[in-house]
Structure formats: structure tokens, C-alpha cells
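First chain A sits with chain B, and in the next complex the same chain sits with chain C.
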Partner chain A sequence: MTFALIIISALILGCAAVAMALRNLIHSALLLIGSWAGVAAFYLWAGAEFVAFAQILIYIGAISMVVLFAVLLTRQGDAPEPVEFPSLSRFVTGLIAGGGVAGVLIGAILGMPFDVRTAQSAPALSVKELGAQLMGPHAVSLLVIGLLLTVALLGAVLLASDRRPDQPEDTP
Partner chain B sequence: MSPLQICLLLSSLLFCIGLVGVLSRGSAILVLLGVELMLNAANINFIAFWRYGPNPDAGTGIVFVLFSIAAAAAEAAVGFALVIAVYRHQRNIRLQEANRLKG
Partner chain C sequence: MIIAAIDSYLEVAPLAWRDAVVQWCPEPTQWLVHHLITIVAILAVFGTLFAFTPLAERKLLGRLQNRLGPNRSGLPWWQNGPKLWGLTQPFADAVKALTKEDIVPAAADKLLHFLAPVLIVAFSLLTFAVLPFGRHLVPVGLDAALLYFFAAGSATELAIFMAGWASRNKYSLLAAMRALAQVISYELPLILSVVPIVLIAGTLSLQDIVLAQGFWTFGFLPHWFVFTPWGFAGFLLFLVSALAESNRSPFDLPEAESELIAGHLTEYSGFKYALFFMAEYFGLTALSGLGVTLFLGGWQAPCAFLQFIPSWLWFMGKVIGMLLLFIWIRGTLLRLRIDQLTRLAWQFMVPLTLINLGNAAFWSLTAGWTGPLQLVRWGVSLAIIVIPFVLLGRRLSAGRHPRTYRYAAS
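This part shows the complex of A and B:
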């Protein structure tokens, strides 16, 4: 049980770290898809099947396509241009900041006596119960998040579209 | 070490990898991918505390993660649309050169 968790963690962290260090944007995006798949595997391990499949659908299916299209639409020329680090001092500063946050968080986690439920079996929560919760006590949140997605996607189309407001409607 | 602590360590390290990526990379796409990694780390925390929390049958953690994933999807769509808009203005996506508000 714990062994599987360690393997999944190594997959997630390895893919993410290599993706953040590479210079080729396409390779970074593909490695991050592997990392997101690892997160979906973690959700499956934890017993949250519905969230795992939502993660696969949304991250691996949708967001990865958006990322790849953004990479392809912003290329210059045919050869992929390597993305250099801006400067060494900025890289070192980022590493120090991230390492500091990691140190604080790991110290806090290891020093905290967690009083947790020790039952080994995953809690059984069926999709039917989840749907009842979404439609019952969380119905307003569901509507709000739907509205947010609609507005955000319309705004994304407006931002990315090439048409200026002063251009006539049927200019090719 | 309990499984909850391993989950929390995993999410902390993933958050910090995303943080280093956001702070040290110069490409707008990689910065947005770092933000996505940090959101994923937060979701891992939610699921871990739902799984090992005192009241796992409530399902609130799962519902919150679903909403969080939806918000992350909206953020990614708007973010990459902004990347494309920036590329149209300055013909590259280096954040160091994106310093004009109106261009």
C-alpha cells in the first residue's frame, strides 16, 4: 500500500522536476502530462475514483491539448527554439525560495503529531452519493462554477482571437 | 511514517517544484505549467485529508477538488489565451520583454 504510494510519488515528482528543468517546451509539456497521469494514479490509490477520472479527462485530455496548441502557435520558425533560463541569479534565487518553502513545509509536516484515522480501507463513497451531494447541498457552487467556466472560456476566445474591434465583420 | 505524512510530503515537494519553475523560468508557458503543478499539489492535499480525516464519508474533500479542477481548467484556458495574445504583440513569449501595458 505504502510502497505503491512511494512509486507514484517518485513518478509525479520525477516527471515534474525534469519537465521544469528541460529546455524543449514540447518535452516539458509531454513530461507534465506524465506527471498529471501520476496525480490521477494517486487519486485512484486514495480511493477517489471519480476525481481520478475527472483528472484524466480534464488535465490529460483538455489542458494538455491547450498547452500543446499554445506551444505550437507560439513557435518561431521550423526548428524548436531552446528556452534558456533568463539568468543564473534568477535561477539561483528561485531555487533558494523554493528550497526554503520546501524546508519549512517538510519540517512542519515531520514535526506535527497527526492524530489521524488509522482505518486502512478506503472510504466508500459511490458516484451516486457524490452526485446527490453535488446536486443537493452544493448545487449553488455547481452553478457558479459552470458560470465561471463559461465566462472564462468566452474570455479566452476573445483574448486569443485575431479580430480587432474596428475591423468589419466579414473580413477574411 | 504514516501514509498521510507521505502524501503531505509529496504535495509539498510538488508545490515547491512548481514554485521553482514559476520563479526561475522565463517562458510564459512554463510559468503557467508551474502554476498548474501548484494547483495539483493543493488538490493532492485535499484528497489526502479527505482519505485520512476524521469524517471521510462526508465527501466534502472530493467535491472541493472537483470545483478546484474546474477552476484550474478555466485558469489554464485564460492563461494560454493571454500567452497567445502576448505572442501576437511581441512575437515571442519571454516574460522579461513583456513590459508594456499598451502596445
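This part shows the complex of A and C:
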């Protein structure tokens, strides 16, 4: 079991490291998707079946497309531009931003009271129990997230629909 | 009595054969052999089915168009031998695809160009793992099987993107964007059309969903979900979305021959092209299997007295029926334009699937109604879905008649 965990973590960290080192943004994005797949494999290893499949469906199916489209649509010019030579100011800002995120994450992890058990002893939660938990004690957070996503969707529709109604889509 | 014994043996025969082989192997390798046999069985059965589906498609399309279809290929080295009605055509096609030159553009991203067809076939095969093929034949009995199915299917978008981008051809990339727009648009109604089933059955496990449909009224009226108002509407919505998801006609514009030469597959040739083709048919078969499982009772027999036929035969028969229906649709309907396609998805299918979800909620709330209230239940449920269908259809098609041709000479 530990051996599998080592392989999975090597996959996640390796993909992330190579993604940072590469100069081609599309390759980096694809490796980032590989890293997400590794996270899904970790969830499977930990016995969280539902979360693992949701991770694949949402991250690899949907968010990957957002990332790839963003890379394709925001790049100027047709040739893949090499990223500039790293200067001191870039290094410092990168360090500050990365360090800030890392600090927040490490603080959150350390502040979390983890219930440490071995993988075998922890009973896997069935989907039904998960649903009951989400709809019962955690219903408020589910509703808040749903509202947030609905607002985001409406905003996207509003941004995209600047076309006048008297001008149909297929007008040249 | 004898019939019952044979029936129960046939029912478990594939499992019994597998266990016999596993017993014969040494102890430490037994788990590996156990899974390998399952994988090989799936590959063999659906590989064979894949080989003959295009042949059936060509034959059937030929007959629909008053032609004969392929009927020439006989046996090799036997010039005047029997023609076998062209049944050896798939093998000739396979040899042709294997021996064709594999051309990779000089500017292409070689690794991604190679990886895209591999990825798409691998993920389309993964979806077969959770389908319940029979009463005892479930390769992987997952609690969240339905979610797994869609998770495995979602990686095809990634492969389409990789194929279009790695070809380093702007037409391939544009076509990949079109294909992605279609696949992403129709994934929403596809998943939403399945949610009512989960709501009624109360489970994501495909085997439990099949078991929930295993009842008969008077012994011959099956309780399949398709025979309820919400289930029938859901089945039709699922069918249209499945057609669009698997790039089948009338939604086959990502690779339409006349408009864009094979779309994102332009720079693929030889066996890599055949792999994309294979993935398309595997995806279609898997979606047919899912549709059969969710709406058409899975491996359940249509009548109680027909249960003596093994359940896996019922499943395969229903899947083949669905495939023939898809071929029939291809021979009948005209291809859509891209704006019509996305409009259909977002303005028609998505609202209807959401309304159908509410319909299923009504159905599950009124499960206790009996006697004359049962008629009211059916009527209300029917009205919930038919009235929005008519109103939405009228509103969307208003002002679009008669059709005018702006660019073509009339």
C-alpha cells in the first residue's frame, strides 16, 4: 500500500515539477492535467471513490478545457513565444506569490485536526451516506456553492450575450 | 426442472469457465489471471462487435439506399469460392489499415500526435468495466459506477484537443475547437438526462438500477424506466445527446466529409486513423450499453416467461438493437449546421432535461398514489414534459419558416 502511495506521489510531484520547467505552455497544461489525474489516483488509494471520479470528471473533463482554451485564446502571434529570461524582479515576485500560497496551504494543513488511521481500518463511505451528509448537516454549504455557481453562470451568459436581438446568430 | 438447471448453468457459464482457468493457475498469480481473463473477454467480445458494426452499417445503409453494400470479399486464395455475403470485409479493412503508410507531419508534436489516438481508445474501453452485462456478469461492481462511466468518457475531450493541436495544422485546430464545442455542449444534457434515474432508483450503482427495473405487471408488462412519462422523455433526450457525444450522424459535423476533410483527424492516416474510428464505435457501443442499462431494463427479460434465456444474451441483443437504431438514424436524417447544433443543445435540450428532473421528482413524491389517482399521476407527469416540449419547440422555430437560402442559388 505504501509502495503505491510512493508511486502516486512521485507521479503528482514529477508532473508538477516538469510542468514548471517546460517552456511550452500547452505541454505544461497537459502535464498539470496529469498531475490532477495523480490526485484522483490518490483519492482512489485513500478509498474515496466518489471524490476520485468527481475529480476526474470535473478537473480532467472540464477545468482542463478552460485552462487549454485560455492558453490558446490569450496568446498573441502564431509562434509559441519563449518565456523571457528570468530576471531578479521576476524571481522575487514569483517567490513571494508562491511562498504566500504555500504558507496558506501549510497553515491550513497544520491547523487541521487529522484523524490519522491506516487505510485498511477506515471504512469507505458509501455514496448514499455521502449524499445524506451533503443534504443533511452540510446542506447550507451546498446551497451557497450552488448559488455562487449559478451567479457565475448567469454572469458568463451576460458577458457573452452582447448581441442585439434583431441580429440573429447566422447573419454574415 | 432440467430446463431450470441448464438455464442457471448458462447464466453463470462465463464465470464458471473463468474460475476453472483461475483454479488451474498457481496461487500467487490467481488474482492477476482473474482480472486478465475479464479484460480479455471484454476486449474479445466488443472487439468482434466493433469489427462487424461498420460492416452492418455499410450493409444496412446500402439497403436503405437501394444498394447492395459490400458483398465481394470472400476467402483469401480462393478465387471462385463462396462469397460469404461479404462477411470477411472487416478483416480486409483491418489489413488495409495496418499496412497503410503512417504519415506524421514534419512540424507536428510527435509525442502528442501519437498519444491522442492511444488515449482516446484507452478511455473509451475503460467505460465497459462497469456495465452490468448479466445477472452475475459485472466486471467491476462499483458503488459510484455511473459517475465512473462519465469520468472515463470525459477524457475523450482531452484526446480531441491533443489531436487537433499536435497536428500543427490550423484547420485541424479549428476543427478540434468545433468538435470540442459540440462534445462539451452535449455532455450537459447527457448527464442531466440520466439524473432522474438516479433520483428514482436512489443509487449510482448500475447493477442496482437494473435490479430496480426487474418487475412485471401481469407477467408481461416490464417496469422499465422507459415506460414512464419521465423515463420516455429522458430516453429520447439521452438518445439525442448520445448521438452528439459520439459524433454520429446527424451530429457528425466534426468530421463531415463534405465541409471539412475529417476535421481534427485530417493529419492522421493508417492505423492511427483507424484507432479514432475504433474509439468512436467503442464509445457508441458503451453509450448504447448505458442507455440499455438505465432505460431499457439492462439484462432483464421483457416478459417474465422469457427469463429462461440467459440475461447476458438479452443485454447483447438490446445493445445490438440500439446500434441498429443508430445506423437507421444515420440513414434517415440530415446533418445539422454548427449554430443549429449548439442552439439545440443550450436552448432546447438543457431546459427540457431540467424540467424532466422536476418531473421525476414529482413521480417519486407521488409513489403512494393508487387507484384512480394513478391515472392523475400519469396525466400530470405527461403534461409536465409534453407542454414545455411543444411550447419551447414552437418558440424556437418561430420565424424560421419558410427556409430561405441566402448563399445558394435557388
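What we mean here is this: the second predicted complex is superposed on the first by the 117 of 172 C-alpha atoms of A that agree within 3 Å, B and C clash if a C-alpha of one lies under 4 Å from a C-alpha of the other, contacts with A are read in each partner's own complex, and residues count from 1 in each chain.
Definition applied: a contact is a pair of C-beta atoms (placed from the backbone, for glycine too) under 8 Å apart; a residue touches a chain by one contact, two chains touch by 3 or more.
Everything numeric in this text was worked out from a predicted model, so none of it was measured.
By the document's definition of touching, neither partner reaches A:Ile7: not chain B, not chain C. In the overlay built on the shared chain, the residue A:Ile33 is in contact with chain C alone; chain B does not reach it. Once the two complexes are overlaid on the shared chain, A:Lys128 sits against chain C while remaining clear of chain B. In the superposition on chain A, contact of A:Leu147 is made with neither chain B nor chain C.
With both structures placed on the common chain, the touch criterion links A:Phe50 to chain B and to chain C.
Once chain A of one complex is fitted onto chain A of the other, the partner contacts of A:Ala139 are absent, as it touches neither chain B nor chain C.
Among chain B and chain C, the chain that touches a larger number of residues in chain A is B. Once the two complexes are overlaid on the shared chain, A:Ile60 sits against chain C while remaining clear of chain B. Within the superposed three-chain model, A:Ala70 lies in touch with chain B and out of touch with chain C [touch as defined at top]. The residues of chain A shared by its contacts with chain B and with chain C are 50, 54, 62. Residue ranges of chain A in contact with chain C, taken from their complex: 26, 30, 33, 49-50, 53-54, 56-57, 60-62, 64-65, 68, 72, 126-128, 169-170, 172.
Residues 112, 142-144, 147-148, 150-152, 154-155, 157-158, 161-162, 165, 173, 180, 184, 187, 202-204, 337, 339, 343, 406 of chain C are the ones touching chain A in the complex. The touching residues of chain A, counted against chain B in their complex, run 1-2, 5-6, 9, 12-13, 16-17, 19-20, 25, 28-29, 32, 35-36, 39, 42-43, 46-48, 50-51, 54-55, 58-59, 62-63, 66-67, 69-71, 73-74, 76, 83-86, 90-91, 93-95, 97-99, 101-102, 105-106, 109-110, 114, 116-117, 122-125, 129-130, 133-134, 138, 141, 145, 148-149, 152-153, 155-157, 159-160, 162.
Across the interface of their complex, chain A is touched by residues 2-10, 12-27, 29-30, 32-34, 36-37, 40, 43-44, 47-48, 50-54, 56-57, 59, 61-63, 65-67, 69-78, 80-85, 87-88, 91-96 of chain B.
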